[in-house]
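Take a look at the structures listed below.
There are two complexes below, and they share subunit A, which is joined by subunit B in the first and by subunit C in the second.
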Partner chain A sequence: MKAKVGVYVCECGPNIAGKTDLDEIITYLSEFRGFGDVELVVRKYGFLCSNQGKEYLEKEIRDLGLTHLVVGACSPRDHDSTFKDVCGKTQLNPYLYKIINIREHCTWVIDDMDKATEKAKSYLRAGIARVLYQSELFESPIDVNPDVLVIGGGVAGMEAALALAGENRSVTIVEKNDTLGGRAGKLRGFSFQEFNKPEQVEKLIETILGNPCINVFLDSEVTSVIGFLGNFEIEHVSLESKVITELFCGSIITATGADLYETTEESGFKYSESDDVYNSMEITEMLSSGDEITLRSGKEPETIAIVHCVGREELGYCSGVCCTVMMKTANMIKARYPDIRITQFYRDICLPPSGGQELYAAARSSGVNFVKVQSTGLSGTTVKFKEKNGDEGEQFFDMVLLASALVPSKDTPALSELLGIPVDETGFFQEAHRMTNPSATTTDGVFIVGTSQGPRNISDSMLFARASAGQILTKLLVGEKLVPEVAVTEILEAYCTGCGNCLDVCVYGAIYPDEARGISIVNEAICRGCGNCYGSCPSGALRTKHFTNIQLFREVDEALR
Partner chain B sequence: MPKNGSVLIIGAGIVGMKAGLMLAGASKKVHLVEKLPIIGGKVIKNEESFPNMECSTCMVAPVQQEVLQNPNIETYTYSDVESLSGSKGCYEVVIRRKARYISLVNCIGCGMCYDPCPVSIPNMWEENLMDMKAVYVPTAGSLPNVPVIDSSKCLHLNGTQECNLCVESCVFDAIDLNDSDEVVTVEVEAVLIASGSGLFDLSALPNLGYGDLSAVYSPLEFERLFASNGPTQGELTLRGSDISPERIAIIHCAGRSEVGYCSTVCCMYSFKFVRFLLHKLPEARIYDLYLDICVPGKSYQNFFTTLGEGSTTMLFTPSLEDVCVTESDSALRISYPDTSGESRELDVDMVILTAAIVPDSDLPELARIAGVELDKFGFIKRTDEGSGSTETTKAGIFAAGTVTGPGDIQRSVIQGESAAGQIMELMSTIDGEKV
Partner chain C sequence: MKDKKEKSSNSEFTPKVVGFLCNWCTYAAADLAGGSRLEIPSSFSVVRVMCSSRIDHNLLLTTFFKGADGILVAGCHPGDCHYGEGNYYARRRFAQLKKVMETLDLDPERLELVWVSAAEGNRYAEVVSDFTEKIRKLGPNPMNSSTRF
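And now, the complex of A and B:
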């Protein structure tokens, strides 16, 4: 069929019409013979984006039987989708249309009318040249599985499951421990946030176990993950019976928590098992179980040192919870043993708004001693420190409590590999976008919540969990299909040598090797058409639909003619 | 009331926009009400945002565009929620669309109407650092890019004189000086309040000189001063002059003990300001006068340490209440107690105060209209905050973002996403009850 390209130039009132010679452009293009026997229909219109304009355009496409469409108007940011939608109502495939910005790029930036006219001409020519090499592309909706897998059954994992079950989603929790609850489960009575009731975790566990939508596998680990958003195939294994269970789901929430930093001698912390040195988890477990606070000798301590920021320097981040934990710890000890003298060696008091400021004030007024230091170390239960003004000192205590940092859980690297989600410079899982998409990852359909994403308190961990549930509930709708990106990349098999260069380049993990055939394959359901891989192929086997070489070269050639 | 799949969102900052797009994507009808003529919230006041130091406009403008173009989102700019009645699952909302005098359909944002207008007024969005006309868009790059007319200042509208200059200058017939408020009633199943927060009133700390001394700046004033689309096109010059400061002090925790909490973001934006200053005034000497450095979470501290040795002089003071800013001969003099409590002095050309994040001054009224309770600090209270819930004391009304307390963009967005999830859950259970 002979191509018949419609070129419609919008006047945009005086914005375009007043600053270019539109009639000159129309005559020029109508008479232009650079495109062989392609038929060009060149017209102008007042406001193409108005309702009348859209109707006019729709009628023209139909009545004239246009095979391609070029609109010379404003920025694609303003109206690309407007005209795409117009095409959608006609026989014309929207991928056979192109908007050319002759307002922001020509008339709004060039005062000289002749120059603006010339530039508009070359842009429009380039657009026509490109559109002739564009191809029809079609959406192919895929079925999705609304069920969800949650890995890790701490507060974050449980809250995510509950939020999803509230909308009747089937959720499976795979927890490697023999109980649900994670770290918060062990803290029991201890909680620094006034709104976190001691029985909160137990209640949550009960609710989860009683919920018909939630299936819990304890003592289990996920061993295999394949697939993509909407269609994952999972295998998990029982650590005891070694029985492997298969599972299908549409999305995965990673809620595997964080570990506690362990001190090293190199960082100046020298003590042995027999010394009365405890980390924050040990002391909070002691406090929450109601046990006596005693030294290993059985005596009651008279002096206790609390050392802040253990690991902060080495790790390069502040965990944000340990100051508050230690305020609460000091207050609880003071309440039970008013005579114990407590000294806190701190670098900064970091109390994000979760009631920490009050706990701090209470600690100060109950006589806890605060010493601001630059650095600390330990030799047995003797605290070595450098004060703010540079003075060095050391002081013996009966007992030392360490505010140890939260670090990525030791399973993180393996999970990162298994799920195809990267970790960041701190070793925690990395967000799709740190600020605007923090619970998602670069792998569509895989989410990171709670302390597996970074150190935080219980309520924020649960908040993160609910955010991932929000994403899933609004993205993967029960009974609805998903429309993947259409303008994706494909691999031309005949050229692909299977070198695998492109595999490393794709941050979405859309390319996988087909070992049997010795080539690489793009999974079009995952590819976003970002084009990153395009330049990485030494044999030119990659082709990003809608951004092919020929399309781009023809466009540039015409623009520069 | 029939179930109509509609949601009301109050406030079109990053939270309201993100939640709105999520719900619209799930085929819900979203009524998004914003009191200002433009959407985008506070984030678009920043040239760049920590911790990524990404260009804020590049981050937010696509979201703004998407919101304005989404067929499932009805955006009411320059509008207020006048009343909200009903209960979970069926709220009736009365929205007042204030007269804009400019047609959102016809206006293309060419800006031809500004010059002719004879009235100049201070531009509040630009922190009063520049003037604008009575017919204005708050800032360059406004979305929607359609002006409004300030009816109390316009000569025609306030009855001072028969001015018609803007109307004559608009070739699109977009201006209608007879426009009037429009009152719209909509029915929704759930409500999300995402109306953001305010800044501590720095004039309540007379020892720090804000308001009296022109070289003392609020953080938002500094953001706009630095912004390349701001009042000085990003030229860092002192108020009312074309001189750049050579010595700048950032005083932390302004208002912290008055409000009773640490706002967590102000240390971070202080270090962002240090980066800004190093970038534009590499010769300047910078001081940070602080009590604590609060940089929680995995990426904050690194943002601080990567500033590098010597980029700013960190001055610890044990007592911020005793810090005083006064005018010296040619500059500002800061007196403060140092580590050992001894009094010291520091002369600088510019002072930036990191003001605490506080509830917006409109919030009590909005809370009254919505019938939700506030917490002891005046932010919106959530009944089950301990489990990360965003539901307020009134069932079916949710709150997310800095309207619930200080937070950075990440935490605000997370809250918005959580709220979207809770709203989906609520709407599905209402479905269930009907079936």
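And now, the complex of A and C:
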């Protein structure tokens, strides 16, 4: 069948029509014979994205029996999907259409009308040349499982589970420890923003356990994850009975929390377990349990040192939460024991949450001593420090509290491998995009919340949990099918040598080896079509379906004509 | 010899520059430059790809063989890749290709890899103008037209 390409140029009001000679373009293209035996229909229209414009285009495709469509208009970021949808209503496969960005890349950036006209011709030629080499692609919707797995039953995990269960989603929580609640559970109501009353975490746990939509597995670990958004197959094992349970879900929320940095002798912190040195978790547990603050000897301390930024230099990042915790701690101690003398050794004070500054002011006014230092170390409960001006000093205290940094939990590397989600330079899970998509990951359907993603406080952790739940609720709809990306990559088996280069470079783990046949296979449900594997293939076996070499070469040819 | 002749008339020479732009960052920056009505040399042609990592040696060399005087490849800033780390792979492949270009007597300066984010419309316009000007000074692609295809 002879190709019949429709080329429709949108006037876009004065944006295109006022900056180019459209009639000249139409005459030129209609008479252009560079595409071989192809019939060209070249027309212009006022606003193609208007309802009338879309109807006009739809009618033209049908009535003229177009085999390919080129629309010269604005950026594909604005209206690619608009015209794709128009094609979808007709006999024309939407992948045999191409939008050409005349407005943003030509008429808006080239002042000279003659030059803009020439440029528009060149871009339109490139579009025609390319579209002739595009092939039909078919979207095949797949069934999805709307259920959700939450790994980790701390406040972030529980909050996400509750938000989902509120919409009647089936949620399974797999928790490694024998209780829900995580770190916040241990704090038992130590005055954090969201947990002013002691029973808050307990209440959350009770609600979770009483919710018929939420299934909880304690003492359990996830051991296997296969699949992709909408269809994951999970195995988790009970750490006690070693019984393996299989479950199916459509998405996964990772809420595995963080650990506290452990000091080392090499970094100048030398003390033993019998010394009165406590980290932030230990002191807050002591405070929130309502017990007296006592030394190991049973006596009440007279002096307490708070050492900030423990691990910050070694780790290379600020945890951003420890200062707030320590201000609260100092204030609580001062409120209960006004006579205890507290000294805080700090490098910078970082108090991002609302109310943080007030905590600092309260600590100052209650007589807490602040010493700005360059570095700190410990020998028993003697704090060694180097002041801002370089002077070195040391001071004995009855008790020392360490504001230790938050570090990725020990399970992070294994989970990273299991879920196929990367970690960033700090070792925490990496988000899909720090600014625009902070709770998703590069693996579709896998989300990260709470401190598994980086140090953050309880309210932020819960906020991210709700954000992830929201994304799942809008992305995985009950009863609706998902349309996976079809402009993906395929491997031509005849050329594949099974070298595995593509496997190594694929960020999504979309390529797997078929060892029996000695080749690599693309799982098209996971592939996103970035084309990275293409550049790694030494034998030319890869084909990026909607960005093939011949398609790009034809664009280049016309650009250079 | 033909090259020298062409080089001598550099002032009238309009270089053909092809820009392979990443869909997520630089293509959006180009749109922003358009929206801001900045000026882009009319000899600069945009080819959209999904990721800078899609650009392989074959595509670039063929584009030179076809007669491009310069090629600009632009992607997301390191760490910002829509696909995680595609731009790192692109960078690595570029380092290799520059060596290959030397052996082909093609000045590696004719090829440039830059990072331009979706918010950097101004920078996009600057990068494109500066690169086009650099290529204008370098003169036409010395590959004889008979070796082109």
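The definition used in the following text is that the second predicted complex is superposed on the first by the 471 of 561 C-alpha atoms of A that agree within 3 Å, B and C clash if a C-alpha of one lies under 4 Å from a C-alpha of the other, contacts with A are read in each partner's own complex, and residues count from 1 in each chain.
As a working rule, a residue touches a chain if its C-beta (ideal position, glycine included) is under 8 Å from a C-beta of that chain, and two chains touch if they have at least 3 such contacts.
Computed from a predicted structure; not experimentally measured.
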item: First, second, both or neither for A:Tyr95, with subunit B first and subunit C second; value: neither
item: Contacts of A:Pro455 with subunit B and subunit C, given as first, second, both or neither; value: first
item: Partner chain in contact with A:Thr442 - subunit B first, subunit C second, else both or neither; value: second
item: Subunit B versus subunit C as contact partner of A:Leu473, first or second or both or neither; value: first
item: Partner chain in contact with A:Gly320 - subunit B first, subunit C second, else both or neither; value: first
item: Partner chain in contact with A:Arg77 - subunit B first, subunit C second, else both or neither; value: both
item: Partner chain(s) touched by A:Ile110 [first = subunit B, second = subunit C, both, neither]; value: second
item: If touched residues of subunit A are counted for subunit B and for subunit C, the larger one; value: B
item: First, second, both or neither for A:Pro14, with subunit B first and subunit C second; value: first
item: Set of subunit A residues, in rising order, touched by both subunit B and subunit C; value: 77, 434
item: List of subunit C residues in touch with subunit A within their complex; value: 16, 18, 27-28, 30-31, 33-35, 37-40, 42, 45-51, 53-59, 62-63, 66-68, 79-80, 82-86, 89-90, 93, 125
item: Interface residues, subunit A side, partner subunit B - complex; value: 12-15, 77, 81, 159, 163, 166-168, 193, 195-197, 200, 204, 312, 316-321, 348-353, 356-358, 372, 388-389, 424-426, 428, 434-439, 454-456, 458-475, 477
item: Subunit A to subunit C touching residues, read off their complex; value: 75-77, 101, 103-105, 108-112, 115-116, 118-119, 122-123, 126, 422, 430, 433-434, 442, 487, 505, 507-508, 528-532, 534-536, 544, 547, 549, 552-553, 555-557, 559-560
item: Subunit B residues touching subunit A - in the complex, by the definition given at the top; value: 14, 18, 22-23, 25-27, 49, 51-52, 54, 59, 63, 65, 69, 108, 110, 171-172, 260-264, 292-302, 305, 316, 318, 339-340, 384-390, 405-406, 408-411, 413-415, 417-422, 424-425, 428-429, 432
